[in-house]
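The same chain A turns up in both complexes below, where it pairs with chain B and then with chain C.
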Partner chain A sequence: MKMQRRTFVASLAALPLAAPALARGAGPRVTVVGAGYGGASFIRTLRRLAPEVEITVIEQTPRFHSCPFSNGVIGGLWDGDRISFEYDGLASTGTRWASGAAVGFDPATREVTLEGGEVVTGDYVLLSPGISLNFAAIDGYSPEAAEAMPHAWQAGSQTGLLRRQLVEMEDGGTVVVAIPRPPFRCPPGPYERISLIAHYLKAAKPASKIIVLDAQDGFSKQGLFEECWAALYPGLIERIPGAESGEVEAVDPATMRVSTAFDDITADVANVIPPQRAGALALDAGLDGGIGWCPVDPVSFESTLAPGVFIIGDAAIMGEMPKSGFSAAQQGSACAAALAARIAGDDPAPRKLINTCYSLAAPDWGFSVADVYAQTADGIAAIRPGGGTTPLGADADTHAAEARYANSWFDTLTSQLWG
Partner chain B sequence: MFNTRIRVPETAAAGEAVEIRAMIMHPMDNGFTYSTQGTLIPVNIITDFTCRYLGEVVVQVRLEPGISANPIFTFSLRATESGPVEFEWIDQNGDVTTASADLTVT
Partner chain C sequence: MSGHHRLAIATLAVALGPLSALAGPGDADGAALAVACFSCHGPEGRGGGEIPALAGRDAGEIARQLSGYADGSIPGTIMPRLAPSYTGAEVTALADWFAEVAP
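Let's turn to the complex of A and B:
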């Protein structure tokens, strides 16, 4: 079935692009699936640039839970309310809000089927479905096993679960954090999480330790993280990289055992982050072309496999841009501008995109990497020199300032999107 | 000398079969891949792995280029007396890497 669907989608892409039939007497109808960083930014921008467009939003969660800043909940820096947002502000921008989750999508007709059976049609569809977790890649792992060994890589109840497990753990316990092979959502995210768990353990349970089982050899901002770990958390974090067989192959939630090809570790708290792919809706529709992530035009973000379908955020292949909330919001805005141009009969213009990844290694120890990207016909490429990274050996004032910037970035962006 | 990891239990009962793991961090270049500069990466492999218990060879392996990077060997060893478990890897140039651990039989 899946192969047939994929073959069909591929044949669609070869057809000349037909102008979608526009509803008479009204602006074109745009369906948005997913109101996270990508979708919310798209909606805000499109509303402003093309007010005549009818927007229907499909979102499976009743509240938004942000992955950015969820590590602060896990580390006890703030509670879950800080990362939880109502959709009311976004809904009140004159959008129609469909009820229930999307369970099916047909790229040929651009029809989205909701779990209640309702079918939403549109002239254009924006998919911002985020990631799906590939539980099957780890023997013994499943959504049920994740209730004992949380991934907490999609924020919400999993975030709270991991936090509770850390709070309930006895002093002297072993926390295992398993990190998959890339690409995954938020490249520095696992290492920020390790830092903030260490921050909590150092104060509350100093005899405990963290064992990091990492499928990667090197990682994002490695020097900056390791500098902080040596200064603040000496001896607390032990990391086994991929070359030393750090990749987790199997877990057993009954005995809390986490296994690599070499090690079997019994955890008191196991945070198992599995390998990832594009969100299920895009995968099931064959929009990944069988490679796990969705290929898109680097300027318009239109799927290369399905005309009229735009894909942004973590689910799409975005060249050198990382899978981050900030990137998704940038792409949402750029995609809305491209679509507004299309509706007006113009070609979308390439833009410059930016991404900044702030990481908190302690409440007052932040650092960041920022980059500027160009949309080119060949893909999205970083402009160098264009961005910058916090230098190694920076003083405490610099790290404290970066931590303030991180907080300010989060509060500003989330209030713009969901406020 | 390459980095290695070995896993030998500290103690075992006499007659017990214990699991031994040994790993060497080595690229195991098979001679068919190219560098980012487009040049062929020559064959560079570990050719021999040996484990000795109480001075006696218990496992001997000849490795070929088809074996992936960072090879791991896992096998069972019957514990009889306290003594060293010694590991030896030899690469294609004859360079030797060793590791050992003591197994106490109770």
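Let's turn to the complex of A and C:
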């Protein structure tokens, strides 16, 4: 990626008192790595709560590509513009914007090294780097192999590639979707994707089929997905669960072969989603303590291994909260409030956080899992465990309403974060 | 806490609505609770597409709706699954906070 350095200076029209306080050296310095769902929410909230803080943002992509609603691109419901956002709105809230990848982080000194060699220091660091893909877990899979067999689990060119492959596939083709063991980002995401691929194939290539090679036995909102599959896509989707050796062990991009312990399948299109871990920057700095995901204090989200370093979103262990964009944004605002309290010399107050994962199984067939979580010193737990999904057997009006609300949620949240 | 920070927090309290300034330890903090609703109901509850606005609505009506979702007397897609997780004091604090926001 080409390094493009831009510095944005504060405008802060909304808070006239803040402008003088922003002068260099006036407040603590906070470095943010990652301006995705968690980081963008953190920046917006901290800017409001503690306007005197100097914020430096390190982001490696020139535009944000959202995974939420990327399955709609793959299924042809809308085009890639819907999930692509400029960072300018966020950058102009009075942050110093450092474009480029952070390649090193020293938790002891809180120094972040950029790919161009620049070193950014801060009093506090917020990491919301999302996931890294563990290609090595699947024999033959690699970033190069993903150019033939896309994962599309980090949105952007991979999303467009998978869409193109589906469009170019002949009718009667076989689409393989490989799903890893948990935890991975967005538990219902693979099944929403399967649904929307089925929606596309049913209309455009009805003789085709989808083979799901799944390392999991059961899955998120399973009853709701299967209800829709039986109604809308009968015979189109064949799923092999973990108990029947659904887990993919090896791939060969040259022959498009996807292999489990029991079977070799030749795919026309292969969507291979590998196992996941915290973003590489956090892993390389040892902030996962060797377990793949980063332990954090459940109220402040400060790393339990590195004081002054806060970790949110997919990369962190967040108790019962799932790895979702909705959750990451909630954690971003709670973490900013906790840090603002810390800076003011107060203790952070535990909050109630919401997560909602909407899924579209067809353009007008939505459903959701929605829960409220309590932060306590012991962890983050759902207040009413198991109560949160759309009931089975809901009528068409309910599914249509949930699909409309899902669209509203996506547009509302993304405009708050990057608008 | 420095005067500087006090000033910043006082500014924020005004920006976020009157109740956040009044909420003391032990009270339900309407401002902190309300943040969780913004990704659907829009910034400060000012509306988000198909999802209704809450800002500036009558506090009693918001509280009645939340209690109705919680006890099953008002139907809905998602609110009946969210509302039961809030206590009566939290419902009142949320309703009062949204009622004070300029629509």
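Going forward, the second predicted complex is superposed on the first by the 391 of 419 C-alpha atoms of A that agree within 3 Å, B and C clash if a C-alpha of one lies under 4 Å from a C-alpha of the other, contacts with A are read in each partner's own complex, and residues count from 1 in each chain.
The rule is simple: contacts are C-beta pairs under 8 Å (C-beta built on N, C-alpha and C of every residue); 3 or more make two chains touch, one makes a residue touch a chain.
Computed from a predicted structure; not experimentally measured.
After superposition onto chain A, partners chain B and chain C are found to sit side by side with no clash.
In the superposed model, A:Glu244 lies in contact with chain B only, and not with chain C. Of the two partner chains placed by the overlay, only chain B lies in contact with A:Ala261; chain C stays clear of it. In the superposition on chain A, contact of A:Thr390 is made with chain C only, not with chain B. Set side by side, chain B and chain C differ in how many residues of chain A they touch, and the one touching more is C. Superposition on chain A leaves chain B and chain C with their closest Cα atoms 27 Å from each other.
Note for the complex: chain B touches chain A at residues 3, 5, 7, 21, 23, 25, 69-70, 72.
Across the complex, chain A meets chain C through its residues 14-15, 17-18, 21, 45, 48-52, 326, 329-330, 333-334, 337, 340, 343-346, 349, 351-354, 356, 368, 370-372, 383-384, 387-390, 398, 401-402, 404-405, 407-409, 411-413, 416.
Of all the residues in chain C, the ones that touch chain A in their complex are 1, 4-5, 7-9, 11-12, 15, 29, 32-33, 35-43, 48-51, 77-78, 81-82, 84-86, 90. Across the complex, chain B is touched by residues 243-245, 261-263 of chain A.
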